[in-house]
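Each of the two complexes below includes subunit A, the first together with subunit B, the second together with subunit C.
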Partner chain A sequence: MLTHNLWLAWKSVRRNPILSFLIIAGIALGVAVSTSFVTVWHVLAKDPIPGKSDRLHYVRLDSWDPVQPWDEEDNAPPPLLTYQDMRAAMKSDIPVRKAAMAQTALYVYPGSPDQRPFREAVRLTFSDFFPMFDVPFQYGSGWSPAADAKPEAVTVISSELNERLFGGRDSVGERLRLADREFRIVGVLAPWRPKVLVYDMSQNPYAEPEQIFIPFNLFEPMALSATGNQITWTRVDGNTFMERARNSEMIWIGMWAEFDNAGQRQAYLDFLNAYVNEQKKAGRFQRPLNNRLTAVVDLMEEWEVVPRQAKALAVISLLFLVIAALNLIGLFLGKFLARASVVGVRRALGASRRAIFLQHLVECELIGLIGGACGLLLSLGTLALVNRYYQPAGVEEKFFTLDPGMMLAAIGFALLAGAIAGVYPAWRICSIPPARHLKNQ
Partner chain B sequence: MELGPIFRAMMRHRPRFLLIVVEVALTLAIVANSVSLILEARSEMTRPSGFDEENLIYVSSTPFADAFKDPNYRRQSVDSDLRALRSLPGVKAASHTTVVPWSAATMSFGPRVAGTQKESPGSQVFFVDAAILETLGVGVARGRGFTKEEYDANPAEQPLNEYEGPVLITQTLADALFPDGDALGKVLENETGGGHFTIIGIVDRFYKPAGTPEFSQSATLFPIASASERSAGYLVRTETGKADAVAADVEKALLKADDGRNVRVRTIAELRTRFHTEDRLLVAALNGVMVLLVLVTALGIVGLTSFSVAERRRQIGTRRALGATKAAILRHFLIENWLVTTVGIALGLALAYALNYGLIIWIEGTRLDWRVLAVGVAFLWTLGIASALGPALRAARVPPAIATRNV
Partner chain C sequence: MLKMENITKIYRTGLVETRALRDFTLEVREGEFVTITGPSGSGKTTFLNVAGLLDAFEHGHYFLDGADVSRLSDVQMSRIRNEKIGFIFQSFNLIPDLDVFDNVDVPLRYRGLPAKERKERIESAVARVGLSSRMRHVPSQLSGGQQQRVAIARVLAGDPKLILADEPTGNLDTAMAREIMDLLEQINEAGTTIVMVTHNPEHAARAHRQLHIADGRVIDFERVTPFPLNRTGAESRQAAR
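Right after this comes the complex of A and B.
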């Protein structure tokens, strides 16, 4: 039955090519616009680390000014930790994995003399970082917990940097000079470009990951300075960064913890609360207890990671799809009612209303799908344009792309448009009394 | 006027006219809100920084040579860089500073009136030399700028807590700190303790994005050299229209002065474009969507009206045979369309406000301006009539003889 209906629909599409073209073009436009801008929103807003997003929690302690909360509106704790509190939070063994982190910039000295030294952003973190965030390796692996503790001068580099420095060969075990120190490469990442920089959303959440990773504990021996946010509400003195950071209230470190279950999470929160209560006795943490462990998606929501422009565009583009479909109702009506006499004959010969209705609905959905396919192709063009637009903001050519989920959604949009445009005309034509049209032959 | 018959004829085809009503209403709601979003984004994009930004270039130098670990070497290097920059053809002024217009990164502190416990309004911090005002292309509303001697007297990278000397503040910060006016000559200190900052001048125009509009315009300038072991920044002001040409020469000139570092050059126009990426995308996309929307709506109205005409050819023929003029038929369809469009517009006004409300609470935005709606209403009326005109003219051409056929 369906194949027969499809055959009838195809014949009908070909019978009136201009009208069919207009309808297909209308649906294609609607699907193209909605698919493109819902994709933009989807890429920016989707769960960046599916399967783990409810297990990874961001650690925040309210160490802020007793007189003035960090956030007057929501009473959120500050987004980063002080050095001393990070040390305390890292001591617990309750989380399955845990990693504090900060950013710096170091000069890289390539081995070959014909390459100039260049400065690169560097992530300082702990060994758990790599398994926690599912970081893919091409060669070698992350460093060991022993390297954290010592700390050893070991590094993990990106595939891009490996390409640049070593021509893409397996460079594990090679030496690399960063600032004034020789590092041993223990791992080379596979190409890795998460759309959302899950582990550090406090700055630009859509930035590329750093090219170099080194143990956090090298911060002191190498006398480094952090390049990310450093915020304080008390006086901070000292000549070097570490002197200013070590025992002060300056916040500058992000930290994530991974749990297997809610019990662990609660136990760790209890541990943190106990630590803060202990500190209160020593005169720190004079604000009400407000420590939080926040899951990835909740943190994205709280920090309003998705630009509002992307949300507004997604809403408006979906409304556009609905209007485009509504506007096609008139064209479908004209197309169907031109065949009223044929339908009248079929009805008189015994076709049920249901059969006629289905036949026309199948035609609408067929046209919807043809339009949807054209729309999907158009949306590839639109997304290429959007990618070009976003390039000044540091986004590379293939940032906004269709994923399988969005392709399914596009098919859904096409079927929806076909249904919106087609249900009323199909109902109209099936409810025509057969006698009226037979009379006129 | 034959409003009565027109209305009764319409009531016989309610779904069809309801459809046009809904189309017009949704179109008005979306167009009005899109225009509103575009206007908002455009006002953000065209906001002036107050600086001569079309002719500004930002240059950053990141040293790797060991020589730069010596503060004296750094000081000399800054001086020779500035000499090299100023001697480039087309350069009007150059300054060693941390002011980078249209960059998102910012450093801030909490200045308050010395000796009080009042909460600080907060301010951005910039380190500048004596050439900064000339380079930015701004002036002082009151007081004066820094002298070279004031700048030379301070050690490089001096901590704010220890600084005692002159500062410049912006008008917005002056108003926040001294609501009664007259900030000139007053003394500020750091909220977290230390410092003794004498206000010697009020900068008249200043906008460097940093969250809120007030904070973006609140700044304190210190005459302290900021060149560190890791980086040094310069702003260069060129003659009108020469920014790109000068930018192309800067790297070579600075590397000639000292090769132990990397130099990066960007025009402020580039930084500005980058800063507004999201807004530019929004404006471009909404413009495109609106054009398509208007096309599609016009197409929809043409389609439905044509259908309406085709279906009533016999009745039209009969009316013509009974003496109705062509003008009367034309009028019938235009009035019919006008009625439907008007109902659609009325519904659309309500929908526009509802959508606006939804956008504000879900995404944030501004209230719809009634003038935007007024323009939208006029536009849709015109669109409705224009779309109906073709089919209505076709209706008027239906020959009366058709009434005699096929009965």
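Right after this comes the complex of A and C.
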């Protein structure tokens, strides 16, 4: 009976093409808006590093002001570490991998005399950074732990910078002058634009990754200054950045640790707690013990990485779909009541109220699905437009795409719209006493 | 076949009550051909609607084919309409965008018959009314008489025990009306009970019995043709096959 009802529905759609078009357009618009905005929210909110997000943990120690907590509302520890605490946290071998990091900016001196020096953001980190965050390489690889320890003047550059400086060729082994030092390129990244900058969500989580990566341990020998957040609650003294960092409780370093299991994580937390308790004896860490290892998704939630507006827009767009569907009730009602006499005939010939209701609901859902298909195409266009403004050059993977889940959701939205718009008219038409319209045909 | 006892049907419009049927009592035997005449507003169509389970009634009892059908659910009534009753209307009541085949198919689909059996029934019924060559024509491509024959084919395909016809010749010219009456007589001779509302005395006279309705009551009846009471409709139907 379903296929027969679908056939009848299709005949009905074709019988009144203008009215059908108006209803389909209404549903298509509703589905396009809701699918687009829900997709944006879905893409932003979904696990940015699936398969690893529960293994990667952000390291936080509460070294903050004993008088005034960092976060009065939730008692969260500060988002960054001091230099000396980072050094202590990096000493442990419990994590499978660990990487502290900070940001600076350096002048890049291109080898070619045609190109002028330019200033570029640089990430200082450790060798584990690359495997921890699944960073893709086009040429070469990250540097070795030995390069961390020494430290060696090695660098990994982005594909974009490689294109700019070396025309996109394999530049591994080439020299690159950063500030006053010659660096050896050990790796060139493949085009890489994570949807969320997982490793540095304390600043702008939607920023692009840096173009240059160098070993963190070069910070002191090169007498660098950090360019990211630097926050302190104590007096800051010293002539150089590092002096100020050493002589204060200034926090400026982020750190991640990777664990294979919960036991490792607990052991590392115990290690950190033991370190802090030791420091308490020396007069630091005067606040109650509040150290945390937070998994990626939990940290995203805690720091509200997904903008509230994205969620609000997704909800509003769904309400828009409901309103669009409610507005179509009148059109469906008019369409159905116009054929009350035919329904009367069908009832006389043995159709139950339920059969009539289902026949008309199938028609609503068919129109809903056609509208949904058009809406999907429209939302693909909308997302292409969003991607056009959001997509960094050279990155092939589209930011906002309709994954199978979202496509299913769009079909669900279309069916929902069809049901909202159609249930009342279908109920009205099946409730008409069959005798009333038989004489009038 | 059809037995109504003291049926009352009231239409309410705001504060106004109209008694369309008052203590309406009637019995129609299986295989009988009964015509109903009466002035406009006398309750003829209301009677047909109640008899066809298309309208509910307030008081009284209605027995159809031996079963009390006075208070049934919508699904039960729909099934009885589909399996036991065939309707023929003055305005044919074909579905405009379905062709002859699909129009005749409508009641069979609601009965849930398999496609092969439906096809056989449709082809046989349409052949019986002489429209096999018009199988894929839609109603607007047919004359009034042809449309009424399609409506009759729709009834024949369902093989009902009772046919309720509401002025089936009302929209047809004399020659076409006679053809339709001939067809109905043949169907009745094959054993199907027919109750027909008509204004035409000539057509009314072709039935076994004529009833006159006025003010929602049967006021008179006249036996026109002797009805063989010793032969049941089922036997006639069997003999016709």
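Going forward, the second predicted complex is superposed on the first by the 375 of 441 C-alpha atoms of A that agree within 3 Å, B and C clash if a C-alpha of one lies under 4 Å from a C-alpha of the other, contacts with A are read in each partner's own complex, and residues count from 1 in each chain.
Heads up, the rule we're going with is that a contact is a pair of C-beta atoms (placed from the backbone, for glycine too) under 8 Å apart; a residue touches a chain by one contact, two chains touch by 3 or more.
Keep in mind that this is a model prediction, so the values were computed, not measured.
Student: By residue count, is subunit A touched more by subunit B or by subunit C?
Tutor: Of subunit B and subunit C, more residues of subunit A lie in contact with B.
Student: Is A:Trp233 touching anything from subunit B or subunit C once the two structures are fitted on A? First, second, both or neither.
Tutor: The first partner, subunit B, only.
Student: Name the contact category of A:Ala149: first (subunit B only), second (subunit C only), both, or neither.
Tutor: After superposing on A, A:Ala149 lies clear of both subunit B and subunit C.
Student: Look at A:Leu408 in the shared chain and tell me whether it touches subunit B only, subunit C only, both, or neither; answer first, second, both or neither.
Tutor: Neither: A:Leu408 stays clear of subunit B and subunit C.
Student: I'd like to know which partner A:His4 touches here: subunit B for first, subunit C for second, both or neither.
Tutor: second
Student: So in the superposed three-chain picture, is A:Val322 touching just subunit B, just subunit C, both, or none of them (first/second/both/neither)?
Tutor: First partner only, subunit B.
Student: Please indicate which partner A:Arg346 is in contact with in the superposed arrangement: first for subunit B, second for subunit C, both, or neither.
Tutor: In the superposition, A:Arg346 contacts subunit C only.
Student: Return first, second, both or neither, reflecting whether A:Pro117 touches subunit B, subunit C, both chains, or no partner chain.
Tutor: first
Student: What residues of subunit B sit close enough to touch subunit A in their complex?
Tutor: Per the stated touch rule, the residues are 15-16, 19, 22-23, 26-27, 29-30, 33-34, 37, 41, 62, 64, 104, 119, 159, 161, 190, 192-194, 230, 262, 270, 273-274, 277-282, 284-286, 288-289, 292-293, 296-297, 299-307, 310-311, 355, 358-359, 362-365, 406.
Student: Would you mind writing out the residues of subunit A in touch with subunit C in their complex?
Tutor: Checking each residue of subunit A against subunit C gives 1, 4, 11, 15, 341-342, 344-355, 433-435, 438-439, 441.
Student: Can you tell me which positions in subunit C touch subunit A when the two form their complex?
Tutor: These residues of subunit C touch subunit A: 45, 49, 52, 54-55, 74-75, 78-79, 81-83, 87, 89, 91, 93-97, 106-107, 109-112, 154, 158, 166.
Student: Sort out for me which residues of subunit A touch subunit B in the complex.
Tutor: Where subunit A meets subunit B, its residues are 22, 26, 29-30, 33, 37, 67-68, 105, 107, 109, 116-119, 204, 225, 232-237, 307-313, 315-317, 319-320, 322-324, 326-331, 333-334, 337, 386, 389-390, 392-394, 424, 440.
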